[in-house]
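Before anything else, here's the structure in question.
Per-chain numbering from 1; labels A, B, C and D assigned in written order.
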Amino acid sequence: MAHHKHATPNFRNLIVRPMWMTLKTALRTFPIIGRSKWLQSHGGGKPYHGQVIDPMTEAEREMYTEQAHPSVGHTYSPDRATTDVHPNFERPVTVMYPYERLEDMEPWLFVPGNYNGRIGVIWETCTACKACVRICPNACLHMETETRVNVLDLAEEGDENHGHGVALEVGGQAARRIEGSEEAAAEFQLSTAHEAPPEEYEFGEVIDLSGDTVSVRWNASGTTEEVASSDLLGAEVDIVSGRIDIGRCMFCGLCMESCPFNSFFMTNEYDGMSTHTREDLWYEADRTRVLPVQHAEAVDRELAKRAEQARKKAERAAAKAAKSPKTEA
Amino acid sequence: MATDDILDVRGWVRIGMDSVAENTVGMSRHWEYTDGVAWFLTEFVMTIVIFGGIMSTLFVLLWMERKLLGRFMDRRGAVTSLRSLWVGEGGVTAGEWWNQLPFGTGVPIGMLNRTLNKVAGNDHELEAVSRVKNRSYHGVWWMLPGFFQNLADGMKFMTKEHMVPEKADRFVYEVAPFMIIATTVMCFTFIPLGPQIYSNDSELSILFLMAIFSIAPLGVFFAGWSSNNKYTLLGGIRSAAQLTAYEIPLLIVVLSVVVLSGSFNMIEVIEFQADSGVWNIFLLPLGGLLFMVTMVAEVERIPFDMPEAEAELVEGWWTEYGGMRWGLMFSAEYLRTYVACLLFAHFFLGGWEAPFEDTIPFISMVPHVVWVFLKSWFIFIFFVWLRASLHRVRTDQILEFGWRWLLPLSLVNLAMATALRLWVYDGINGEWPILVPILITSIGLALFILLAIDEDPAAIEANTRPYSVQTTDVASPGQHRE
Amino acid sequence: MAKEVSAQQTADAAEAIVAATNEKFGDAAVAEVANHTGGRRKNAYVFITVEADRWHDLAAWLAKSQGVDHCSMITGIHWPEKAEATWQIVAHLMRMGVCNPKRIEGRTHETEVDISNLSGANVPMEFEISMSLPATREPSVPSVADIWVGAEWNEKETWDLVGIDFEGHVGMRRVLLPHDTPTGYHPLQKQHRLRYHDFNEMYDDPQGFGRKPDDVGKVK
Amino acid sequence: MAEMWISMGPQHPMTHGLWTLKVKIDGETVVDTEPDLGYIHRGVEKICEARDFTQITTYCDRLCYASANTWSHAYIYAAEDLLGVEVPERAEYIRMVAVELQRIASHLMWLGAYCPDVGNLTGMVWCLREREMMMDLLQELGGSRLHYNFPRVGGVKRDLPIGFAMRCRAKLKLFLDRIQEYEAILDESTIFLIRTQGVGYAKAEDMVNHGVTGVNVRAAGHNYDVRWAHPYSIYDELDWTVAVERPSIKGSDCYDRYRVRVEEMRNSAMMVLEGLDKMPGGAETNHPSGDPAIIAKAPARAPEGQTGFHHFEDSRGESMFYLVGGGEGRGKHPYRVSIRSPMFITIPYAAKCMIGYKIADIPAIMGSFDPCIGETDR
């Protein structure tokens, strides 16, 4: 591994060579003379920013048009060559931040899925499975959940959304109405009351569903009990509120990967997260929004997926029901 | 005596002061002192003129340093433009401070601010710039973006607190900066800016100048010692050693110029170059090179930057100073660089004489002070270029280079000067045969180019490192423990 | 030269070392050839379990005869529930075969190493030596800083974080923890548990010196 | 002047990080040195005992903040040794691309910091300008500029983004030209040669006995590199030569270490270009992130008694992780994570190397060993 050819301490290297190199660098920054050939990359005569290329090859252009990859229509040079903010400077490397934004100049660095910016959450499709709370290394995700009866279950027989509620399943939650809780709930005045609203249901985890009775272990007392499935309603754990401590978050992206319902996104927003106090760094649902387009897209995708799962489950249940009478008969 | 110049500042001032003296002292019973008073007032006004000229053009030097250094480093340098004086976030007017001024004197300022905001306000045709309300960053080139950044930095130092280190030697600590600053500013009395723009035209002005110029190192050493900080002590000692090592070759080179020009008076040196039609650089190229190198060491700029070496001494002897003392010392360093550039221009580039004074017809229309400033700023480019491209030399290497190389070369230069003066100039009744400068310059250039392309073919081919490195016998690591 | 040491070369070298060690330290040390379980190539390495007090002799012998010239890392592990092996020390050594360039009649020779036919003592080899101590208040193991100077700071760090002392170590001091840490406080011991610091107590007294009873006197 | 201790304290331009070097000087000559580390000891080993295997990668990124990828990959290879995981071929190539780009960025950060140590600010700005190009590439891979959290146990987080190969080739070819510009201002500058040649001698055997590894040993003329001595990843399928300095009897000095790192930058760039050409499945294809071509199924738990360790060629030396299985959560967390930091052992040696030289040489010598304090204090 040879030394550099001219690396000998002589008069030539004392001033001539280093000063010639800095002069070339300085002359390159002036608009007209900066482009002349002999100033280009040291000893190579090649353009100083490297070849300006179209970022999308032909093959890529048709393949990725439908995702409208952000670098469509941009020219690309390895070292930033263009600026419209400062015309009388030939080749600026520095991005003059407030006046030029890197995501406008080099969009391929901020492809929505790839860049770990501020966290964006679709709270509507979150099913409070707490996968993200468990995966976060710095424990900055906090979530309050509550076991509730799904409102669709309360629809009476004739109602058009009857039967769409949560079905009882092993390991899921079940709810039983507490006697007399209906009247208590009716005359409870939230605005004037001094105590919490009365509990309407008691919730328990379903142990097994064989036959008509259901064995449930009540969350409150922990005792298991055999209950007729008729007076049980399906229940689910719902998210009440969630917050992210941006002060602790290191933007590693593990929560985005661990969320099974892709309601967790890392937006490509990197500024605007500073506050004056640490309390303000606790981002509630309002400050962890995602762009409306992305939000709508994600919600539709998720609902379509769940509808698909519900339909498949209904088919499986129907098939099982169709199959089981044969065995009985 | 000095060449006549359309900008005869001293003449106008003298006339003005004569009339002032006559109308005041002349009328009174001390009328015989009128001439004395007029003389004193002229000298006083001329000193102020020189001081004003230097201090305002100092900002050009600072601005060139930042922008050129930026360009050498492939970036822009300071870009805040003058617009920032009246432009704020969305035309904010800084609380309309002018309304607090008494007797409504603030009103015109307010009006001026509003018109300027309307004329050259925040909006800009570029969408990205106007979105963030162009806070005076986007300056056009003729608004000299970045020029007033140094003014703002300078004023910032006035607001900084002056803290004296706890166990510092209080008196010496306070005296040192003023010694440096006072002597540096006094140098400008002896430097003429033009044929009729000088504050002092004494017979031995170069001698005085060099004497005052070399007092500052003493102040540097006082500052280093008195700040009660080991690093500044080291910086002070290094700077004392370096400046003494480079004072002697500098004085010898100046002596060679004086010998060549025949007088100690700065203006006569320049007149000599003007009359004989040959600049000294073409007669003493070696002298010019030596002067440049020793001046870089005198003002402690990069290749000889040890006293203020960032890497190990943090800020060298400046570390413990804050506030305006540090600001003044910082500007004193640039004033000393400005003295160096002006001296190089006067000694070697013919002071205020235009490049082809008598041949180009209308060149004498341009006032001579312009040439003085242009030449000194051109020399300053070399100072910045050296700073951008060279590394810092170690202290012992500086001293060794100073004593072993510069001193003998400056003696050679002195011998050349005397030979040229006695045999060539005086021999042929007082003017240079045209062949002499051409011959000397071409020999100098040839020598420089020869050295510049010299390569050690054996070293390249054998790819070894010929440099015999003198190292103190290094204790093998771990040895000192036992 | 070939691009890397082949698996076969490493395996033979490991066998040779294991045989020599078992024969030399039959009673005190048990050596075997172990293979890495992950990655594309299951490289072989030498795994030796040795009694704590014979560690210095094994180290000196490895350094002298097997050419082990580099102590990579010394780790201390605290197994509170194992009574007879509460303190485990795992030393990772390395045979790099790095030597100064030879000087023959005044010319410095290249140390060009032809990797393909490396054999015997100069095949680079990884060693993992494990030793354990029963439950004691002052676990200590002979220091190998005199054989490999590189082990000096590893041992300082192990004592500083895990609390295992090394006899014969010159100038044992805390390197990673602040100098005013109470004596006997060694954070990597299992009785110190990590707690979740809620938002309002995030930055005060993270190591719990203030809240915990002073450990002065109680060594472990 | 009588001998006196000066403390090149935690905040000092020479230290490239937060540690103190107390130096006893006699006039300008260094007589004795005493390093004092531990200022940013974050207890990463203790934290890792309470995290499961995917979460630890984010902490290993932050060990040495100048070369995050090399450290997270060092941990991942050790975790795969502990859990016994086979990584698909394409994932190994992508990891090699990420590690070598990070090695270039780390060496550029070192060269950028070394130039002001010897007095020239221009070198710093140029090197950081090139490091921007490398960080853009790593930002496309990992998602942010400095800490990428890119490898997963069994593979990588995501495949090469769309158009990455074209951009990577363009930037690396441009970078290979730009190296010549550094050499014009460093190698061909006498003052740099005077300041670095013959300063900070270190013999090969002395260094190995002191535990110094990696670039600093190769600068002393001996070709030892973990990538060929204990082969991992796909270095055997690329034809690359190790950057070794020519041996001299006095050992390596600052200039040798500088030469080896510049040569290594060239080698890494050539390796990445070759890796992109030989990428199985082509560098232009883009698999979705969970695809079996780039990540293999890996067990989440490591029972007690299972251990794994792996030597890794970091840009500063040979880093190593030793993991012991069987922590809380029935083995979801490791019982003990032990990290070998090359600089934790090289800095005391470098401090001893300075004895006998001038004060002005301290930054030159210390800087040439490329200290990174994040990994030193863990």
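In the analysis below, a residue touches a chain if its C-beta (ideal position, glycine included) is under 8 Å from a C-beta of that chain, and two chains touch if they have at least 3 such contacts.
Because the structure is a prediction, the values reported are computed rather than measured.
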Looking at Cα centroids only, farthest away from subunit C lies chain B
Quick note, more Cb pairs in contact for A-D or A-B? It is A-D
Distance between the CA centroids of subunit A and subunit B (whole Å) is 59
Rounded to the nearest Å, the gap between Cα centres of subunit A and subunit D is 32
Whole-Å distance, C-alpha centre of subunit A to that of subunit C, is 43
Residues in subunit D with touches to at least two other chains are numbered 122, 126, 129, 185, 189, 191, 193-194, 197, 203, 210, 246, 248, 349
Multi-chain touching residues of subunit B, meaning two or more other chains, are 72-75, 388-390, 463, 465, 467, 478
Residue ranges of subunit A touching at least 2 other chains are 2-3, 6-12, 18, 21-22, 25, 93
Interface with subunit D, subunit B side, in the complex: residues 69, 72-75, 230-231, 234, 237, 302-303, 305-306, 309-314, 388-397, 463, 465, 467, 469-480
Listed in rising order, subunit D residues that touch subunit C in their complex are 37-38, 41, 43, 45-47, 49-50, 77, 79-87, 92, 203-205, 207-213, 217, 220-224, 227-236, 238-240, 246-249, 251, 308-311, 318, 320, 322, 324, 335-336, 338, 340, 344-345, 348-349, 377-378
The answer for subunit A against subunit B in the complex is residues 2-3, 5-12, 15-16, 18-19, 21-23, 25-26, 28-30, 84-86, 88-89, 92-94, 96, 98-101, 104
In the complex, the residues of subunit A that touch subunit D are 1-4, 6-14, 17-18, 20-22, 25, 41-44, 46, 49-51, 53, 55-57, 59-60, 64, 69, 71, 76-79, 93, 106, 108-109, 111, 114-116, 135, 137, 250-254, 257, 266
Within the complex, subunit A is touched by subunit D residues 51, 54-55, 58-59, 61-62, 122, 126, 129, 132-133, 136, 139-140, 142-144, 147, 149, 157-158, 161-163, 166-167, 170-171, 173-174, 177-178, 180-181, 183-185, 187-191, 193-194, 197, 241, 243-246, 259-260, 263, 284, 289
